[in-house]
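Each chain gets a letter, A, B and C, in the order it is written, and its residues are counted from 1.
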Amino acid sequence: MAEYLLEVRNLQTRFELFRGTVKAVDGVDFTLREGEILGIVGESGGGKSVTGFSLLGLIDPPGRIAAGEVIFRGENLLEKSEEEMRRIRGKEISMIFQDPMTSLNPLQTIGRQIGEMLALHTALSPADRRKRALELLREVGIPNPEDRLENYPHQFSGGMRQRVVIAIALAANPKLIIADEPTTALDVTVQAQILALMENLVRRFGSALILITHDLAVVSEMTDRVAVMYCGRVVEEGPTRELVRHPFHPYTKGLLESIPRLSGERSRRLPQIPGMVPSLFDLPPGCSFAPRCGYATDLCRHEAPRMRAVAPGRKVSCHNPVTGGEEAEAHGR
Amino acid sequence: MLKYLLKRLVQMVVVLFTVSVIVFLVMSFTGDPVLMIVPPTATDAQIAEARTALGLDRPLWVQYGVFLQNLLRGDLGVSYIFKRPALSLIVERMPATLELVFFSVLLSVAVALPCGVYAGARPNSPFSRAVMGGSLLGISLPSFWVGILLIFYFAVEKGLLPSSGRGATAPLFGIPFAFLTWDGFRHIVLPAVTLALGTLAMLIRLIRAQIMEVMRQDFIRFARAKGVSWRSLFFSHALKNALVPVVTVFGMQIGSLIAFATVTETIFAWPGMGKLLVDSINTADRPVIVAYLMIVAAIFVLINFIVDIVYTLIDPRIDLR
Amino acid sequence: MSAKKDGFFRSEFFHNFVRSPGALAGLLIVTFFVVLVTAGPLFTPQNPYDIGSLDLMDAFKPPVWMEGGDGAFLLGTDDQGRDLLSAMVYGSRISLFIGLSVVVLSCVLGTFLGLVAGYFGGRLDSLLMRVVDIQLSFPAMLVALFIMAAFGRGLGKLVTALTIVGWVLYARTVRGSVLVEKKKEYVDAARLIGLSPFPIILRHVLPNILTPLIVIATIHVGTVILTEATLSYLGVGVPVTRPSLGLLVKNGYDVLFSGLWWSSVFPGMFIMLLVFGINLLGDFLRDEFNPRLK
């Protein structure tokens, strides 16, 4: 019955702090098929990273997963014990962190760190593990892997380090890779290379990829489907091509319009979404985006919208989804 | 590597030189040593003669020059009280201090390491909280007072252990050590425990804090995402990273221990360098004081140097080229 | 730290403070000592420095709960007939005075030098940092011991010696903060207009260094009290006429072997209690102000 590799329903992760409770993830729904690349986009602090960590059960106090289901290959991960999750991590689902400078143990050679991954999840002998480690390093494009195995993380550049991290993530051939802002901490020139590498490897090995990023441009190039998040909720979900061409949610529309273009009218000012992201301690009632939305009505300000299908494969969480732009003129903003 | 060593060597010499100047200057303002040497009945003429004999009538910088020259030749002056070279007095007493410090270190590490590691692994357990409270108390204790309490209970009241002195010694490589005899060992217990307490408390807190800090770092979380068990996380990943800076701090502590040994030796009448220093201060035996300071300064500089080298060896991030 | 607008009593700091047994205990102890040294001398049965009020017949009396004890001398007397409790009250005063004055002076001196070194940089900075490094490679107690041994006992000399030893930590912290601020763009901006960035840097640096300085200073008080006690015990600290708690312990030590333990045990206990209270507070402050733990 597994139509989906991963199905997330109403995921809620909260952080209980002195100042109040932060609903970092406040009812997130999305789906993912085998081998699919899903982009999760949103502003910083919008709950994307926390979603990623929640999938793997890596939320520590004062945070906790308050509600929801994470159905992976038919089983709800949130109901599993730590022991069971430990077996899944790295083997079925692995993760790539944002900052390659701090992801690796500075006092261990990368050979050892890759080896650890292989020892945990494969039955290879030490000699075979070494061979496989070399193979992996080659796959991710690190020259002279034989020498590099004995090197320490600080002897690699940022981009190289992230390649090592990717190698580790792929080592046990997981079904799903969660990449949390994998290129944000890297040089712009290196970013494209790393993304291309990831796309290439993931397609070849048949893993699904969740790419978490704030960069909509990246997402539009690389992903099959996109989920747009705002203030801890998914506001729109759909196939990338269509979503980018015809966004339904005003926030998505705003994001797309704010991407600078190389061609077209240059006299026009770059449009921005007015207002600021609200503090997560103090979310507005109703739709969180309402204060900044040009299409907001009284309903929007009082009642939070629910996620619903507005077209085949397209879901939106909005009372007045945008269709072609007529609504914008109708509300005069 | 060689370049680094040379650089450090030069630094060490500069520091020692500076220390010698400071020590010399400060001591030269502390009153007239001539009056210590001559008998109370000396006449003015005899005092003047003694002054000339000691070279104390020459200008300060000349005196320093002489001092430095002698220093480089290994002559650190002659004790006014013992009438023997200060250097040999100190060297004679070094083994006593060294064995005291050694056993204190052994004791501190043996207790602090397991306690600190456990407290770091389970920071909210009752044991951990008890350890933290106890260690906070430990660093608040005046060490001399603890020594007094121990003496009072174990020696005066119960008569179990001796209250002073070093006891019998036996030679090791020709150097007499107390711990090699049962009598000597009984004598070393109380002083070693007294000296160890402060360091022990400090170490436990340091180890615990370091472990807790490391466990919070990104690479631990990443390893967890790899599916590494908690046991492996802690022992293979966190521990080494946590203990590397502890080694450095501890190295510095050894210098502190030598300083605090002066107090411990005084309380227990342990015949080490520290006791010699305190006695010399009370008798205004200037050459011994100066000699002690120079030797101890050299020891500290050496310890710092060794600690730095050890640190570069265990942390692969440090590149000496 | 948060919620300044809600007032101090609703802040996270206050909330955590009243829920921390350590912090509360520490505050209690320190308050006890503060009250003791300000109001104590009014209530003590005797002024232990007043030789005339002493009576040798009272000497060597044990504490009141032991046989031979005297209700007038709650904790017993020493070899001169001095009431131990009174001596301890006056001794605490001295110890606390030294602790506070050394910390204030070290803080001021260290902060000033740190600011200067950080701001002017260059040779001045290198020189200062070398001095700091060299000084830090020697144990503080030994340096203080040396200075006191050379110049003799005395309250002023002791405070000076301990300040000389103590300023380095403040200087290093403040200098670090200044260097961080200097790198920020507003400094370049100010220079471009021809303004001296110094007052602005000061305004930005001060709030940043306030919390670490408070933590350092609190713990430093405890350290100074212990160091002074040790030095006095060795005979190179306070003068005999103004005994601090440490000196009282020493006097007690001399009669310890006759079984007269109270003269050394109780003053020592006081030292321990005072420093423990200070450390409890210092510990709490350090954990509260540590941004990495949040």
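A few remarks follow.
Heads up, the rule we're going with is that a residue touches a chain if its C-beta (ideal position, glycine included) is under 8 Å from a C-beta of that chain, and two chains touch if they have at least 3 such contacts.
This is a predicted model, so every value here is computed, not measured.
Contact topology of the protein chains: fully connected, every pair of chains touching.
The chain pair with more C-beta contacts between its two chains, of A-B and A-C, is A-B. The geometric centre of chain B is 23 Å away from that of chain C, both derived from CA atoms. Centroid to centroid, with C-alpha atoms defining each point, chain A and chain B lie 55 Å apart.
Separating the centre of chain A from that of chain C, both taken as means of CA atoms, is a distance of 52 Å. Contacts from chain A toward chain C in the complex involve residues 18-19.
Chain B makes touch with chain A in their complex at residues 217-219, 221-229, 236-237, 240-241, 244, 315-317.
Note for the complex: chain B touches chain C at residues 15, 18, 23, 26-27, 29-30, 133, 136-137, 139-145, 148-149, 151-152, 156, 163, 213, 216, 252, 255-256, 258-260, 262-263, 266-267, 278, 281-282, 289, 293, 296-297, 300-301, 304. Against chain B, the residues of chain A that register as touching in their complex are 56, 58, 86-91, 94-95, 97, 99, 102-108, 116-117, 120-121, 152, 154, 165, 168. Residues of chain C touching chain A in their complex: 2-3, 12, 15.
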